[in-house]
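Per-chain numbering from 1; labels A, B, C and D assigned in written order.
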Amino acid sequence: MTEKMFMQALGMGIAEEMRADPKVFLMGEDVRASVYGAAAGLHDEFGDDRILNTPLSENGFFGAAVGAAAVGMRPVVETLTSFMWVGMDQLVSQAAKMRYMFGGQATLPVVYRAVMYYGGGSAAHHSDRSYPVFMNIGGLKVVTPGTPADAKGLMKTAIRDDDPVIIFEDGTLLGTRGDVPDEPDFFVPFGVANILREGTDVTLVAIAGSVPHALAAAKELASEGVSVEVIDPRTLVPLDKETILSSVAKTGRLVVADPAAKVCSAASEIMSIVGEEAFWDLQAPMQKAASKQVHIPFAQSLEKLVYPSKEGIAESIRKTLD
Amino acid sequence: MTEKMFMQALGMGIAEEMRADPKVFLMGEDVRASVYGAAAGLHDEFGDDRILNTPLSENGFFGAAVGAAAVGMRPVVETLTSFMWVGMDQLVSQAAKMRYMFGGQATLPVVYRAVMYYGGGSAAHHSDRSYPVFMNIGGLKVVTPGTPADAKGLMKTAIRDDDPVIIFEDGTLLGTRGDVPDEPDFFVPFGVANILREGTDVTLVAIAGSVPHALAAAKELASEGVSVEVIDPRTLVPLDKETILSSVAKTGRLVVADPAAKVCSAASEIMSIVGEEAFWDLQAPMQKAASKQVHIPFAQSLEKLVYPSKEGIAESIRKTLD
Amino acid sequence: MTLNIEKDVLMLMLERMWRIRHFELKLTEMYGAGEIGGVHLYIGQEAVAVGACAAMDDSDYIAGNHRSHGHPIAKGANLKKAMAEIFGRIDGYCKGKGGSMHLADFSVGILGESGIVASSVPVATGAALASKLEGKKFVSAVFFGDGASNQGACHESMNLASVWNLPTIFICENNQYAVTTSYRDTVAVEHISDRAQAYNMPGVLVDGQDAIAMYEATREAVRRARNGEGPTLIEALTYRFEEHSLGLEKIRKSVYREDKEIDEWRLRDPLEILTKNIVDTGMATQAECDAVSTAVQVEVEEAAEFARNSPFPDESELYKDMFSSEMPVV
Amino acid sequence: MTLNIEKDVLMLMLERMWRIRHFELKLTEMYGAGEIGGVHLYIGQEAVAVGACAAMDDSDYIAGNHRSHGHPIAKGANLKKAMAEIFGRIDGYCKGKGGSMHLADFSVGILGESGIVASSVPVATGAALASKLEGKKFVSAVFFGDGASNQGACHESMNLASVWNLPTIFICENNQYAVTTSYRDTVAVEHISDRAQAYNMPGVLVDGQDAIAMYEATREAVRRARNGEGPTLIEALTYRFEEHSLGLEKIRKSVYREDKEIDEWRLRDPLEILTKNIVDTGMATQAECDAVSTAVQVEVEEAAEFARNSPFPDESELYKDMFSSEMPVV
């Protein structure tokens, strides 16, 4: 265990997998210079042949990654969530659908690393939190690490996975620190939620960047005598429904904290599952602590109103207790 | 009132608005030949200047429509849902976001007509039902007519609307028939749900192509003595929450029939709203009668299993009564 | 006149072209009988895919588009599996999940057809990237139409293949129309092959009715690609003899091409051209050529029977192939 | 030497170039003081936007990109509103919702800057479509980078503008790098303007440090466009003097351009070149030119004060502008 920044943990995961398998390579815009941080040092270690700077052609190189994967390589592609719209066709029509429509012939071990910048005045064109879109589309695994250890462990699992994976790297977490296992055989499995804090009164599911705020809210509520169970699903496809449902069976209350825009969000989905499958366990209305349904405004006075904050989450928890 | 096919009703709506306002024009691939049907006769009436055949460049011409709208035209763009991925950047980064990020300067009266072919062996690349994606993105009005009259009335409202609108034209409805008002001043407002059938035991919200199946299921249940209220939201953005919530207040039970893939679907969203805002009204678990979470298989033996059918919806209704 | 091409290649091309032709004539018949739904016919364009694929090895890759039977058959696809797929049966190439527009056979380098126009172009480019990164010698070719050439995906892929010097072969089948729209109304340049200049790669305009010309142009492109000299753009000028897709004539309202034009192009039937070439140069007799056609017809009938008799996929198949390993059903 | 250009145009260009320069020097200072976040500086490229916009009317449209202050200021944007926007204040162009990358002023034909690279190219093309459909005379120009030229959006838009003969002017600012990546590694062709051939439109390579050359090239493109002769692609060869964005040097690890190269390009400062041209041809004196700079500096200081004093948008603004009329909050 070493204390690391989330961003470094992502890089460690990539580096270890590149060392382990020569078929793994990284491509993206300015990845050699590691403009977004997580690729720092990789070009020095792996050189031009395995760290590829691409032209500004997201649709082209997202698709090239699919093709390379289809014939046996294991590409890791770096981009930002907001640039994925540009390459959307290759993500949906090819990466997500190819295996199914070809009856299983295509094996596509490709990882898209989608950095989510938001919360720091990046404005509407650079602040998307688009994982709910890919949850709806299907055929892609959707990964949202919430801690540095998960950042490393899920990245490594993603690279070893034989299916296309999008790993959403939450910009508000990139600078957070935590203990990260050094072992190269440390993997975090997909589909297994992380119970970050046990509790008995309210189940609080927290996604990506809302994890720290959820933990802070849980701590605050603890001081008021409310015991909150905080669950990070870690992967949204596959989703560990069981952990969430058993927690609700225990607590009878559900809050979902989700930095995505609230309509058709991951929070919506989780609430719909609980409302169908654990209805009789519920003792109070479920609460959606997701982002407001607006594009991201530049002004900090407005932007700070958008996302689920510690205060907002705490308020949602209190509502379940009314 | 004249009996019309859904597809004809769409065309009537476009034609009337083109007659009423010279700024309205239609563009898309092969629209002059009306390959997809609804544009039949328009080229004869309005000629080359107002019916534009585009190159196969969805991103290019979706964006050109935004630009034309931004300077005062009222473009109507024809495409298929599955081709929208190709032009996704212009839909999201420009059509949806421009007004907000420019502080209200951009007024974008553009209508995207997204035909949804599914159910007839079109396979994975041609069968998307992607409205939940656009519900999450925000900034676009999302319209899903369920009857021929609504097809006309919502089309006309969409063309007069000053915001970007996507109207999802359900392929399974295109051949359905119904009475359609002939009056050119017939408009169906956005944000007002249609109570297709009143009932007291169960609220059944039905979206787009699931409307006929929902009505059939309600009829079947009526013969079993169960009174089902069938609500077609007609527009998903804006969503008429009130009508749904008051119905649930009356019935205590909710089923949502949605042809979209179930995860993060419109059904998920509606259930999350009801689970939060009408929880105390609910007397039974909510039921999601949405499409299975798979890509669309070609084989009819498989494809028919995917979508919410009359039988599936009826079963969901019965579950709420257990 | 002698041909710079061996007899077995010529006869292979002839056979594969007949395979496509008879396969699709059979489909037309089956469509008429209500056995299958509408599909996009390749009839008239057979020389393009067959000439190109004859210049490639089994270990080379191709990807195609919605006009989707010619490319895989040209690359060596099994007719039974192809036909069964079009019937949506479990013994089809994609176990019935893909249908006509998504034929694929990874085992002989067919990375698959694509219903979304131009969407397979980046994918094929990526296969070529793998070849380069791993120091392998295989090449990757992609077939796309004149309409497709206007998609950004083509621009991005050609640029990428050029700057990375990839062994990609871009084969634009200019059959002059995208559904009802003439390429003269949508492609800003006289010849699509002229666009090669914009990517600093050779652009070759080929008579797409002449399998031998296609073979030769592709052979040179393959040589360059294997030799590390980078991509080539080939424009095959051709014509589809039939409607955009079976069934479309019923809903199409406008006449977009003259009967005269169709008739003239039909005179340039790629099968007749190749047969004449073979016979005129004495590589084989007319009777030998006719025998190829007859043999293929039998094969096609067998494929039809195979398809008809193959079972529909069972319910238990529905969730399979979404992912590489089993996932919880949601 | 005489200039084929009027004095008031020259002085307007000089003034607007100084406006951009001083505005951005001020931003650099404010960034250093922690008053604003990182922005993309246009310093070194001023002649491109200013030369181009000087050849257009107020009723013509432009759209830009993430390097986002030069284009609007060149088109006549108000410095106060621009600065206030960068400060995220209610008196900014977008009421604080857009920030540095989304400046827009529809009232003087600025359709807006775009953070997504190449994303405004189709939009500008569409404005030109409206001009043609309505029989108006306005033209629409779009600025995009060398990196952007590799996006499919550019290909599709240039092709569309050509086949529809639209009054669009495509202005590629080739500053030779996209962040840290040289265009020589990503653009397959020697000059981006060469790609014009692929769209059957004139392609013009211009010295982007020379405002007069930009003005003249654009004037010709505007003439063509207004005259119904269709689009033009102008490549302005230029250089950004500063880092990709303020702040980036702190996280960037690799050196991607030599100091020597930067120094050489700095010798070709567009402001010095224009001033020298004006003075050498006797159109104005050095003192007159200096006075322009001094006056602009005052204006910029006022803008800074205005921005600082403008209030932050109130909570009640959050949902406004999502739609054209009030919608229920969800």
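Just so we're on the same page, contacts are C-beta pairs under 8 Å (C-beta built on N, C-alpha and C of every residue); 3 or more make two chains touch, one makes a residue touch a chain.
As the structure is a computational prediction, the values presented were derived from the model and not from experiment.
Contact with both subunit B and subunit D is made by A, C. Shared contact partners of subunit A and subunit D, listed by label: B, C. Averaging C-alpha coordinates per chain and comparing to subunit D, the farthest chain turns out to be C.
One inter-chain figure worth recording: subunit A and subunit B are separated by 30 Å, centre to centre, where each centre is the mean of the chain's CA atoms. Mean C-alpha positions place subunit C and subunit D at a centre distance of 45 Å. Taking each chain's centre as the mean of its C-alpha atoms, subunit B lies 36 Å from subunit C. Between subunit A and subunit C, the centres computed from C-alpha atoms are 40 Å apart.
In subunit B, 54-55, 57, 59-60, 82, 85-86, 89, 93, 100-101, 123-125, 138-139, 263, 293-295, 297-298 are the positions where the chain touches two or more neighbouring chains simultaneously. Shared contact sites, meaning residues of subunit D that touch two or more other chains, fall at 94, 96-98, 102, 114-116, 119, 150-153, 156, 159, 163, 185-187, 322, 330. Viewed as a contact network, the protein chains are fully connected, with every chain touching every other. By the touch criterion given at the top, residues 61, 63, 92-98, 102, 104-106, 111-112, 114-116, 119-131, 133-134, 140, 152-153, 156-157, 159-160, 163, 320-325, 327-328, 330 of subunit C touch subunit A in their complex. Interface residues of subunit D facing subunit A in the complex, by the touch rule stated above, are 37, 85, 88-89, 94, 96-102, 114-119, 147-148, 150-153, 178-181, 185-187, 248, 251-254, 256, 312-315, 317-319, 322, 329-330. Here subunit B touches subunit A in the complex through residues 82, 85-86, 88-89, 91-93, 96-97, 100-101, 123-125, 130, 132-133, 135-139, 237, 260-261, 263-269, 271-272, 274-277, 279-280, 282, 284-288, 293-295, 297-298, going by the rule given at the top.
If you check the complex, the residues on subunit C that touch subunit D are 150-156, 158-159, 162-163, 185-190, 194-195, 197-201. Contacts from subunit A toward subunit D in the complex involve residues 29-30, 32-35, 37, 40-41, 43, 53-60, 82-83, 85-86, 120-126, 262-263, 292-295, 297-302, 305-306.
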